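Both of the next two complexes hold chain A, though its partner changes from chain B to chain C.
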Partner chain A sequence: MVTGSVTPYRSGQRDGRDGFAQLLHSEWTKFHTVRGWMLGMAAAALMLVLVALLAGISSDQRGAPAVPTGPGGEPVTDNFYFVHQPLTGDGSITVSVSGLDSSVPEGLGELRPGVVPWAKAGLIVKESTREGSPYAAIMVTGSHGVRMQDGYLNDRAGPVSAAAVRWLRLERSGDAITGYASADGKDWTRVGTVHLELGPTAQGGLFVASPQSVEGMGTTASVSTATFGDLRLQGGWTGRNWAGEQVGGESPSFAGYPPPAAGSFTRSSGTFTVTGAGDIAPAVRYSLPTAGTLGNILTGTFAGLIAVVVVAALFITTEYRKKLILVTLTASPKRGRVLLAKAIVLGAVTFVAGLAGAVVAIQLGERLARSNGVYLFPVTSSTELRVALGTAALLAAASVLALSVGAIFRTSAGAVTTVIAAIVLPYLLVANPFMPADAARLLTRVTPAAAFAVQQTLVQYPQVENPYTPYNDYYPLAPWAGLAVLAGYAVASLAIAAVVLRRRDA
Partner chain B sequence: MSAAEIVVDGLHKRYGTTKALDGMSFTVQPGRVTGFLGPNGAGKSTTMRVILGLDAVDAGTALIEGKPYHRLRQPLSHVGSLLDAAALHPNRTARNHLLWLAHSQGLTARRVDQVIEQVGLTSAARRKAGGYSLGMRQRLGIGAALLGDPPIIMLDEPFNGMDPEGIIWMRGFLRSLAAEGRAVLVSSHLMSEVQDTADQLVVAGRGKVIADLSMADLISAASGNRVNLRTPARQAAMTVLAQAGAKVVATGPDSVTVSGLSPDRIVMLLNENAVPFSEVSAHRATLEDAYLELTRDAVEFRAAAPTEASW
Partner chain C sequence: MSTALHAEWTKLRTVASPLWLLLGMIAATVALSAGATSVVTCAAAGCGGDVTRYSLIGVELGQALVAILAVLVISSEYSSGMIRTTLTAVPRRTTVFAAKAITVTGVVAVAGTIAVLASLLVGRFILPRQGFTASHGHPVLSLADGLTLRATAGSILYLTLIALLSLGIAVVVRDSATSIGVILGLLYLPPILAQVIGNPHWQHLLQRLAPMSAGLTIQATTNLNSLPICPWAGLGATAAWSAAALTSGVVVLRTRDA
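And then the complex of A and B:
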């Protein structure tokens, strides 16, 4: 035996460290030394940019009429039939409204009675007949009772009266405009007061609007007719005659009258009969079908997502296929930490690539769209930042999900298929216009595709009827809540993967 | 005697109804090359995976310097291992493969370059590992095992796929590692691969150790201390050696087999008596026989139920 005198080997090498920072460094080295993975991430970013460019190049709306904007610069619809005369200084107008009847098309050139919940008939004071000018109005509606509205965005409920005849009054005093409602013309209830700068001479009078009505998955034009009586004017009404006019008749946000209807008013023995169409409201998807959103510019996200999912799955499944996992786990026996380090490195790389792609795509896409005359729903810079960061976070969360599923399945085919099915399939289903709205909302609430809500920039207004479906860029969840759904899937699958990895023989 | 670097004690592991490990126990000592021999399916690879904490066991312990593997800090500076030389990303260069491994232990690129030189891959280090021959992959795997400059080296079938030149290099390399005081555990299913390298043999079969003995003991047991002698003066040699008490059998016109004397003693006697000879060597052929004898049961078992293929 020769072992008696053996001195066991002791390295002269200076001690290294094997903390979590070293593990992150190691996984980053692993990632960036496989060129295909780096190219895959670059390709994902490029997808975002290319699709934004394609979208920008392929749409040309130069010469299209300008989209009307409200006092805050927001796009509005400002189309209604206006029976007006000038109002200089203070004054009030009182009227009774009896009957508000709406019709919708049935077949070609035929109309049938219909319910248009937000059909409006009432009194309005407006800076001018220019589309988008400031106003305040009090009105009866198809099914939402008496409302007072101003500035396109603001909506106040008044007393909901079942009386067939409702009385309305609008009073201007300095910059204050106050709306009143009454069931009998004697007892008045103040609905609200707003402060507006309308200039010395405003236009005031009767109006009827009748917005597009939601029918199934789309909308249809409607027309409404109201009968006004008991008209009383006080104060600075200077006109002798009432002028009837369709406001915003040429506007891109005006769907027009369903034939054979047309806007009109008639006056006989103190009774006004007014027929109108359109709406006075913030613009929504259906009132501006040709306008674009940031989400439209970032349609390439779903293509980039596929690249990200493939790279992310390969990041772990290649280790299994090549038995490299043996080496990895020999170097770092704490398996949960290995998986976490992989997730952090992958998530960070994806986030950076996604953010770069999203920022460039948004900048180029916006510029191209504007130079092609395409109107974009305006966003604040903080919303734009949220969309860019959110898109990057969406891709990063998807990469962690794909990594985790890859760790569980150990084969890239299974992992990629599963994650694509979980994220992209719901997204594609939702992008199908024939998908029932409730199913689409459910899909974008419970599946990982809910995360696309982080790209939505359109606002849902309760006072505007519109198919608020994911297909029309309206998601049921708030932006970060939608992202949280995907993040939840990613974290849960990461936890499962960690447990599986620890229990299983390598 | 120094403390054992690896202590494997009573490992049991089942895959369904198959017993992969059935009470595997042995120790690996510093300063020696321990050959871990046995037919395929004897449980050698599984044992190594258990030592490295890659596979769990139903019972038993495997300790490195007194600790289970997962409790080691900077494990690669305690144990360097090579289980599968093909465990590489084909699109990563050899240097980058070692680099990520080094980074996981907080080691630097300088150490990577040292190791690359040590295993003779400097000129190929920046090529993709996917284009490497099996021999080059083995060298790269050895490099990975050496990265942490560990006192224990564990290699699973390192001679597989190596050309003769590589085998000679590997033998010398393993000897030099042991000479530095490292504990070296090398598995093989061929006695011929380790017989000139190992100091100690652990022979496994059917998931447990069949024999655990020094190479010197095996040689004497297997050869019966027989020595082959080649000489032009056969008769004179037989006379001299017989007088010294040896049993001498003629095996050819110029060769005899001697029992009962050590090779050193034979050389001395022949020189004293001026008997010319051209070769004195331990009777080797039966080393393989002794090994086959030891593992016969295990081989029969394997033929009945193949469980592992690492050919």
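And then the complex of A and C:
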């Protein structure tokens, strides 16, 4: 039998490629051809915008008094009782403070002695009695010793004297203001020098401020009374009549005096007794409760998150349900790479959708808030960019987490619930008013909810007492560190999912 | 009806996941309650706080597992095609749905009772160590106290209402992931959204209407005057949500091709 040589059949098609780019392309094809998933992503972006819209149109503060701003445009509290007179040219003012007693309300119309760590009494030189005008002050405080402060943000510690009588002095020379402190009125220590544009005539004199003090999880108004003696003007400054006045009494950042107290001063044989409330400091959440933040505008992130998590879980669990995973793993037997390709495609799509939603939401939310008279804590454009990018990254990390949990569980209901409960529930618990501050800080440090730190824009000031809790938009972690916590969970679960996928029969 | 009930009970009993979900629900509820009660403190007499509510806070997490259970009872039939067998065997769709609702409600009520009572016990054990003692104005938690009894019974009822709400939504949506997303969004989002609504009337309305914030007012035993809605009315709002979801579920099930 003669056998001819048989030419084996060869397909005319070119060899298929199995590079990572092909894998990415096939996963992208799977994703964008399912209309529900694309709609889900669009819905996530839309949620961000809709909630920003809801927050914007539901707030109406037109006609509210303007928020005072400091020299740098930052919101400030500038409320205190001021015993002052105009001081022209250079000179100095000296005083001894022999007592500073604070009271907090107890029941209705009753006061009891209390400790207000940042109650302030001392000397101040200020451009005018207008709220937010430049100043320099030296003061004794409730429990932080002698301080010199200026420009609302700057705070310097002076010598802490054990003696009950503390002597303070402010000296002006041109635009330089120098503060001194002394235990006995003889040996003086320079606390600091600041440079201010005050004009030829400034207002100077005694002041008493008494900020809200933190009690439990809230704050309470307080009032303080200081006793001054040995008041004397030297150098070019000469004495006239002292006038008492509450600075910023109508300000939105002033909580008022706890009844029945009121601001006042009395003078008898060289002793001044001054009662005041308020604070001279940067504004914080509690001093401006009606003001908004970028984080408030982006509350829709929670709604968007749910949509993203559902789509992300379906992206993998549908493969199991439709047995497509068998085809996928036959076509690309390197299972870890399949999972990585899915994570990259999903993360990228989520990031783009999230960024679009966040940018539109921020623009729209800010505009609506401003047109409704709502004051927003100011942010720099780089902070705004960080919040928008961070929000998109938060959603992307959550999508990868949901994908990985979905790959581990293989059923979508469990995966969706796990991820939503892990991210949203800690935030809900933190938002419970009874949640102690320490527990709230711990929750926003170790759970995936830490990522919401990336949306924070408020700054914590050591010289201002305020409940710095996540509920009030103050997170314990720095913005990117918070996001890194969620990213860590996502990467860890992706690694576990890759191991499980490799070991387990599909 | 009794055969339909028996069939649903068999389906629920012979699969492992419902049992695990119910055990998980009990564990999650008690764990969150234990965690929350061990971080709150009462330093001196006259400190505020609602010890019953602290002890029952775990329900906020437990309800998520109840929702999964209820969703899976429906969506697993759709994803596996079992629904066609079920509806062939019992062509009266309302009967099928009622049987499912009764079985799920029954098991959730039993597991919910265990979870809620265990949470209360945990609170009773932990809270006095955190300073919530009789001398500080917080007597030991006891079901003999009418308000605590109401909170306890109400929490169990609340869990069954969440199961019914989830069943209804699952029938309408059919896909498990989407159903869970919708349910958890409905439960967890309104309290968060309420924080950013500037208009106090809208805010108040949202708190009165949302299934979770209204329903869980049943857990309150102090400051009853400052609640957004009175406790039984709040639970009524949750019941209205469940009734609406069940009704749409029945309508959809009867009119739509399985």
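Rule of thumb we're sticking to: the second predicted complex is superposed on the first by the 494 of 506 C-alpha atoms of A that agree within 3 Å, B and C clash if a C-alpha of one lies under 4 Å from a C-alpha of the other, contacts with A are read in each partner's own complex, and residues count from 1 in each chain.
Everything below uses one rule, namely that contacts are C-beta pairs under 8 Å (C-beta built on N, C-alpha and C of every residue); 3 or more make two chains touch, one makes a residue touch a chain.
In this text the structure is predicted, and so the values were computed from the model without any measurement.
Annotation for the three-chain superposition on chain A: chain B and chain C fit side by side.
In the superposition on chain A, contact of A:Thr299 is made with chain C only, not with chain B. Of the two partner chains placed by the overlay, only chain C lies in contact with A:Ser59; chain B stays clear of it. In the superposition on chain A, contact of A:Leu425 is made with chain C only, not with chain B.
Of the two partner chains placed around the shared chain by superposition, chain B is the only one that A:Thr7 touches, whereas chain C remains out of contact. Angle at the C-alpha centre of chain A formed with the centres of chain B and chain C, after superposition on chain A: 50°, rounded to the nearest 10. Of the two partner chains placed around the shared chain by superposition, chain C is the only one that A:Ser412 touches, whereas chain B remains out of contact. Once you line the two complexes up on chain A, you'll see the smallest CA to CA distance from chain B to chain C is 11 Å. Residue ranges on chain B touching chain A, taken from their complex, read 1-3, 5, 29-32, 49, 52-56, 69-70, 72-77, 79, 81, 83-84, 86-93, 96, 99-101, 103-107, 111, 144, 148-151, 180-183, 199, 214.
Here chain A touches chain B in the complex through residues 1-4, 6-13, 15-19, 22-23, 25-27, 29-30, 33-36, 318, 322-324, 326-327, 329-334, 505-506, going by the rule given at the top.
The touching residues of chain C, counted against chain A in their complex, run 36, 39-41, 47-50, 54, 57, 60-61, 64-65, 67-68, 71-72, 75, 79, 175-181, 184-185, 188-189, 191-193, 195-199, 202-203.
Chain A makes touch with chain C in their complex at residues 51, 54-55, 58-61, 216, 290, 296-297, 299, 302-303, 306-307, 309-310, 313-314, 317, 321, 372, 374, 411-417, 420-421, 424-425, 427-429, 431-432, 434-436, 438-439.
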